[in-house]
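Following are the structures in question.
Two complexes come next, and they have one chain in common, subunit A, joined by subunit B in the first and subunit C in the second.
For the complex of A and B:
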């Protein structure tokens, strides 16, 4: 009975997590409050953890489950906490004047997703990789992260954009090769944790010397 | 009894329910809001008292107006009532199943809205003109999303008839619904609240001319014509509530013609509508109205959600599994 239930529920749980993964990146692109952006990022990572766990249990691969645990600790706890710490320190709560306004970004994201889904559903592409149906979502998330990075002025939002991109790459690996070897994943996680520390300190220093974390002001000479 | 007579009887019941229930539903929303805010609120029959009062009052019409001002309440009322016939309430027979289903439904609402904003510009009052231009701005954003999310649902059911959509959802209710359906329902819900002019988008209880949208267009109306306009607003509210509650809880709609099944369907329908009205009152209490220029952000979000639903549905149907 429970076996049957799990068999029934797993595909829909997978498809729901996939859609929430995509929705969260759209919300990050469409929001301009930094704190809610960090919350959305944490929730997106949680969905990724759920997907990884499903893959791990269905292939009964203990390495994938370990990767999921590490991802949970890092992306759902440490990185959001560190980002929140930086937000509280710099007292910058809002993306005031982005290069592309949030509603326009969301519309561009919509076009992007339609393009990606359209391109990946062509027969040539479907031959290469179609294991979990996560492929097009992952590609879309990578592109959305790139869009967030180039359309925002605040250093913090750009960092979140980078992490969204990384989430997309993670989803891609989960989809195509069912997760990376544990050593590789450890290296990537370490990179991310060190990255959030360095970038946090970097943002604080920018704030100290320029009184703002607007990266467009970095091109002006300070004397 | 032959088949046609049955259908005529059901359609008359359908119209009577729409006309009689709509003031009550509005009063329920108002009363629930008042109770949640710690006030006593109006009696539940207040809607009927209001209508009776409006229809006994004298109608005063500005001499600057033309025939459009006179004919608009009638067009609005009849187009909304006709749109109401496309939504099944408690029985399959009550809904019209010729014509284009959802497309006609959306544009019948659009027809009424068009005439309403035309008539609001007639008397030359500044506030009416402002409200009318705002209504047009909102409807440009509302209409495509409403149509798109209904189209997603109709793709799921392979039919543009609202009854067929609802029954095909009801057939699949034992398994978890597909993601496309859930996203389309979310988009449709957001857009329904915008369509009936409830709080994140428009405040119906305001009497401050600069913030009114729907109410602002009725400023120059009086007496019987005002009664008709207000009644059609309530009717639209009830129709949209019935549509969305039947799409979310697709149970209890009968397709047989026996007294017991119709009675059960009717009780289910009343329950659904009441629960939904209370839910809308809850949303109105906990959410603040957004600025007019931020309204478009919410509507863009619901547009993106419905486009996403459309993409997912098309992708799923490519693999051969629907819903």
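For the complex of A and C:
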């Protein structure tokens, strides 16, 4: 009975998670407040963890479950906490006057998603993967991450953009190869955690010497 | 045993550097550590020549002649940088006193930086190579932003963001490659190990490998400083402390190239060499070409050297792209030569910048009179860097162009020669102005401020060694070095030049 229930539930849970995954990146692209951006990021990571767990249980692969645990600790706890610490320390809460305004960004994001879904249904790409139906979502999230990085001025938003992009790559891994070998996945997670701490330190330094975390002010070096 | 030692030495040196409270102890510890590392590396290279491949730590470490060459570069430049730091880092460019804690942190990070680069070139798992490259960025960002000025913070931020995004693309390439491996029947737990991938390389789906190689080239190309992903390079090189610039330019860029070439060997198994070679040629020539206008119009001496690094990275990649064993030999040899000559140039430029308290070339004149040794070395090094005989840089460039003509790459060879000639002129113009040019605008007061004499003794030793090496290699190559290069060519093309 329970087995049947799980079999019934798994696909719908998977597709719900996928939708929320994509929705969160749209919300990040359309949000102005740094704190809510970080919250959306944490929630997006949680969806990824759920997807990884589903994959782990359905293939009964203990490595995938371990990877999901590490991802949960890192992306849902350490990274958001570190980013929140930086926000409180710098006292910058809002993305004022971004290069592309949030509504326009969301519009561009929608066009991007439509394009990606249209393109990936061509036979050339269909060959690569359709194991979980995550492939086009993953590609969209990578592109949205890039768009966030180039359309915002605050150093902190750029970090979030980078990590959204990384989430996309993680989703791509889960979809195409059900996760990398454990050693590699450990290394990548370690990189991410060290990365957020180090980039956080740099944001604080930027704040200290420029008195703002606006990266468009970093324009002295030329030629 | 040797390999354990090889990773332990940088770690131990790093920790030891945190202990002493007196500045005087730091440099001796660092020099002792890197000299010891150098000796271990020489022993290791001997073993490589004997056994061809060394594997260790449950197959996590895979060392062959190609990695051996990179290990040699890292340890040599590491040693030179330690020597130079002894005299240079105790003096701050603005004449302020240097705090002990800051200097300790510098030496600590320097060792960790060397350690991560050693990990990159020895790891067997291509996923771990990626991790290593990412950590080099994170560690060296602190070194780039060491002076904590507005400009250095800008350079460090650009460096960290651009390289991290670039490397994220390389990750996509690795995922695609792993996917290809699994779908051609590879064992999952082994399918990221380089030696295993190579053994099943010809079964891969070519279209997936093509896509993977493009991602890898863009990703690691950012780290290697290939145009048009090079925009972090001049900023980071010019703002970092001089010893760090030498490490960045001398070896870090080569670690990026190493990762690309390792992957192209794998891709060639299923794709054939034509596709990867075309891509490498395109980016190589573009890098050389793009550096030309920036070298001509440059005002700042360290930026000039940074753009010249862009040019030399282009030369190396073009050499690999021509794909003839001779040109690959030339490219590998050029990696060594460029590491030596660029280290030398950065050291001299750093001495000048410290003496004149500026990096602006219009304010540094007549260096030969004021600093006789540094000025002369800069002049000779400039000649070598521009590629004039009898220095070894000329030889390696000659091998590449010879192979280019032999392979009938007429357009590539013509462009290559044309750019090199223009750069020769531009570079000599700048270097001559700095070393021999008379400073007419200088008032007597300003002249009185600058006393004659060298900055430090350790700086003289540190720039003398690479100078001797490039002079010597121009006329005579030791048999063991030739064997090492030849074995690397064999790894890349499948056959040596003899």
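The criterion applied here is as follows: the second predicted complex is superposed on the first by the 219 of 223 C-alpha atoms of A that agree within 3 Å, B and C clash if a C-alpha of one lies under 4 Å from a C-alpha of the other, contacts with A are read in each partner's own complex, and residues count from 1 in each chain.
Note that contacts are C-beta pairs under 8 Å (C-beta built on N, C-alpha and C of every residue); 3 or more make two chains touch, one makes a residue touch a chain.
Computed from a prediction, not measured in an experiment: that's the story for all the values here.
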Touching partner for A:26 - first (subunit B), second (subunit C), both, neither: first
Partner touching more residues of subunit A, whether subunit B or subunit C: C
Touching partner for A:114 - first (subunit B), second (subunit C), both, neither: first
Which of subunit B and subunit C A:57 touches, first, second, both or neither: neither
Touched partner set for A:187, first subunit B, second subunit C, both or neither: second
First, second, both or neither for A:72, with subunit B first and subunit C second: neither
Residue ranges of subunit A in contact with subunit B within the complex: 8-9, 12, 15-16, 18-19, 22-23, 26, 30, 102-103, 106-107, 109-110, 113-114, 117, 121, 136
Partner subunit A, residues of subunit B touching it in the complex: 175-176, 178-179, 182-183, 296-297, 300-301, 303-305, 307-308, 311-312, 314-315, 318
Of subunit A, residues touching subunit C in the complex: 127-129, 142, 146, 149, 155, 158, 162, 165-166, 169, 172-173, 176-177, 180-181, 183-184, 187-188, 190-191, 194-195, 198-199, 202, 205-206, 209-210, 215, 218-221, 223
Interfacial residue positions of subunit C with respect to subunit A in the complex: 60, 125, 127-128, 130-131, 134-135, 138, 141-142, 145, 148-151, 153-158, 160-161, 164-165, 168, 171-172, 175-176, 178-179, 182, 188-189, 191-192, 207-208, 234-235, 238-239, 294, 297-299, 303
